[in-house]
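Both of the next two complexes hold chain A, though its partner changes from chain B to chain C.
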Partner chain A sequence: MDSLYLQSFAQIDAKGFRLNGKTLLPYHSTDFLKKIYQQQKLQYPKFHKMDTLCQMGLLASEIILKEDNLIESIESHEIALLFANAQSSLQSDQTHILNFSENQASPANFVYTLPNIVLGEICIRHKLYSETNFYIFENFDIEKLLKQATILLSTTQHKMCLLGWIDSIEEKPNCHLFLLNKTGTVQATKKHLQALI
Partner chain B sequence: MDVFAGATAAICPLGDNLEVIFEQMCFGKSGIKTSENCFDLPGDHSLAIMPPGYESPMSKLKTMLCRSIDDSLLKLTQPKLLTDSNTQVVICSTKGEINKLSTKNSNEAGLYTLGNFVKNHYKLAHTPLIISNACVSGISGIINGARSLKSKQAQNVLVIGADLVSKFTLSGFLSFFATDEQVCRPYDSDRKGINLGEAAACIWMSSNAGIFKKATAKYLGGACVNDANHISGPSRTGEGLYRATKLTLQEANLQPQSIDYINAHGTATQYNDEMEAIAFNRLQLQNTPLNSFKAYLGHTLGAAGLIESAIALKCMENNTLLTSLGFKKQGTSQSLEVITQTRSRDIQTILKTGSGFGGTNAAVIFSKNG
Partner chain C sequence: MENLEEKLKTQIITQLNLEEVGVEDFGNDDPIFGDGLGLDSIDALELIVLLEKEYGLKVANPEEGGKIFTSINTMANYIRENTK
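On to the complex of A and B.
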């Protein structure tokens, strides 16, 4: 396969909550993720139990997969999910350390001490029986992410890939999800995606 | 394109190299020991922890990683291959050196530091690819590695898995009431949960059989499928494992009856083992000899897929089926052909599976080479 095509993208970061570059909600330093949830009129109580990583992933994937009813038009095994970050599940890890130092480890928190849980949450939400991989990169590296997506789409039966960088540093969201397709009009080059961040 | 696998190596409480580990397992030895108040956590804990002596001059996990890599290099015709620009290293781990993480210091514990360490220590041409896919990380690494070869992104791949037992993981699994105080009993009617274990292991994969002193196996296929059910509980229908195994059989172009032996996940939790029994019955694999290595090794988390694959490959090479330690009486609603006695059997093809938190399931198939 020579190239992949960008179908749509969603972002949650210091610039706000955006779909295909258009701001849907400007950034707000307090309860930003909750505000997106309310604005999008999501009714999914599990959201409130999730850690920041999962909340970001859920909100950003929701807007992409619901756009033009995409999720209704594809088979449940056609979209692979490849996410990466640098910090793994650091926030939940630190909460777990605090909890067990006080002899109060909590299963509700412990389960979030794995970075791939966000992929599971998205699959549960949309009933996706597809491949999920979580990678750890020291830095947000579009080229490396694209390479993994290209390998996956050229060697498996998936038709699309939701490719993402998802991190939160000092509680600031930094989530960029790209829906890549084997066909399309806008080539998903490193340069093009880089310009969107 | 053929993908060859070999130069396997491992280190765990049963031994410093794969050959010793395999020999110990043939004798029915377990690396799990029961002791009180480990990591100041009250009660009896059965864990597979390395004996003292691995903590210097490098940290325990780094020592284990290096010993396993060094051992694997001895099994290549040209150990220099590790630094070749056509070689990709993949590291699989759930928590890396999580024991170094405090609420104030996060720098040393980041998983990418393991990648940087291996890159600098061995002067690799590329930064390793790090996969953190819960308990299927190791199998995911093998699958990702094979695809790098098939898409010609690399000519050789070294897949490494490593995880430690720590207060972090033990306290978490205790809070789930998911551990057995005694040595775990996969698929048994009295099973109570997991024992944690630590290990590092390596498998080399290449499109060129000539890199191995002995190319023991061929990789025939692999797949990873989410079961979209619950973040900490497996699907009751085994949907993810069913689909992952089915895709793997398709890629390998094999019927279920061609599989001679299954090394399954078998964590000894109620739900996992039951889910596997359902999935394997749906796949018509209920009469294929099957075992779990968890009562020998403990659950080594991100390393499990690698060390267990490495040992399963050893079993294929030696035509040996190892008893599924800890199993006495069927404890799943549907039957499985759990191996109850270590014995010889011609093994041409093996299936390795795993499942983990976040709904991940993965399967790989290897066949004997030559």
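On to the complex of A and C.
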């Protein structure tokens, strides 16, 4: 298999919350992720306990996987997740260090001091039992992730791959998730995905 | 003046980020774990932290925790008995 195809994509950043380029909610500087949660009428109380990374991942994956009831039509082991960022879980790490230095360490915060927890949260939410990888890159290395996705989809049981960059700097969201398929009409190239960011 | 049981409910909601739960949503004898509030093992640890932070009580024995955190009433009774 030489190519993968872009099925849909969701973004949460300073431009707002978008699905396939269409803005669903413009950016708010306060409680933006909570506003998306409310707008999407999600009923998942665990969301409020999550760190920013997990909240972004949950919201962006939710809108993609629920589009056209996709999540109902595929098997739990058919969607691989490949995420990356530059900051790892820095925000939760800093909170933990601060809490710890004040002798107020919080177990609920501590569990988010790994970046790949976001993958676990998405898998729990949608009951996925598929391949997941989280990479730390200096920048969004689309080419590397595309290569990995191509290998996964051509050599394993996976039919789709949710691939993307999910980062948060000073609590500003920067999340771009792309759902790639083995078949389709829009080829997922580095150039094309880069142009969408 | 707010009684201990009501104060505990507010503290639990804050400590556990139960944003979709109000103090009116759980009674003093309702089970804290199980179906009621949908809490997990991390929440149990947070409740231990809450007792230490707010009331200076250390729960050292895990088996003891099971009894203390049965309901708001059992928590309140434990606090009253150990902070006299």
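In this text, the second predicted complex is superposed on the first by the 197 of 197 C-alpha atoms of A that agree within 3 Å, B and C clash if a C-alpha of one lies under 4 Å from a C-alpha of the other, contacts with A are read in each partner's own complex, and residues count from 1 in each chain.
Rule of thumb we're sticking to: a residue touches a chain if its C-beta (ideal position, glycine included) is under 8 Å from a C-beta of that chain, and two chains touch if they have at least 3 such contacts.
This is a predicted model, so every value here is computed, not measured.
Engineer: Once chain A from each complex is brought into register, does chain C clash with chain B or fit beside it?
Structural biologist: Aligned on chain A, chain B and chain C fit with no clash.
Engineer: For A:70, using the defined touch cut-off, is the partner it touches chain B, chain C, both, or neither? Pick first, second, both or neither.
Structural biologist: Neither partner.
Engineer: Which partner does A:48 reach: the first (chain B), the second (chain C), both, or neither?
Structural biologist: Second partner only.
Engineer: Of chain B and chain C, which one contacts the greater number of residues in chain A?
Structural biologist: Partner touching more chain A residues in the overlay: B.
Engineer: After superposition on the shared chain, which partner residues are touched by A:107: those of chain B (first), chain C (second), both, or neither?
Structural biologist: Both partners, chain B and chain C.
Engineer: From the CA centre of chain A, what is the angle out to the CA centres of chain B and chain C, nearest 10°?
Structural biologist: 80
Engineer: Touching A:130 in the superposition: chain B (first), chain C (second), both, neither?
Structural biologist: In the superposed model, A:130 contacts chain B only, not chain C.
Engineer: Once the two structures sit on chain A together, report how near the CA atoms of chain B get to those of chain C, whole Å.
Structural biologist: 7
Engineer: If I apply the document's touch criterion, which positions on chain A are contacted by chain B in one structure and by chain C in the other?
Structural biologist: Residues 105-107, 111 of chain A touch both chain B and chain C.
Engineer: Can you list the residues on chain A that touch chain B in the complex?
Structural biologist: Going by the criterion above, the answer is residues 76-77, 81, 86-88, 90, 93-94, 96-100, 105-107, 110-111, 113-121, 123-124, 126-138, 147-148, 150-152, 154-157.
Engineer: For the complex, which residues does chain A have touching chain C?
Structural biologist: Listed in rising order, the residues are 45-46, 48-49, 104-108, 111.
Engineer: Per the contact definition, I'd like the list of chain C residues that touch chain A in the complex.
Structural biologist: 16-21, 38, 42-43, 45-46, 49, 53
Engineer: Give every residue of chain B touching chain A within the complex, in rising order.
Structural biologist: Going by the criterion above, the answer is residues 94-95, 98, 101-103, 106, 110-112, 115-116, 127, 129-134, 140, 144, 147-148, 150-151, 153, 167-168, 171-176, 223-232, 239-240, 243, 247, 356-360.
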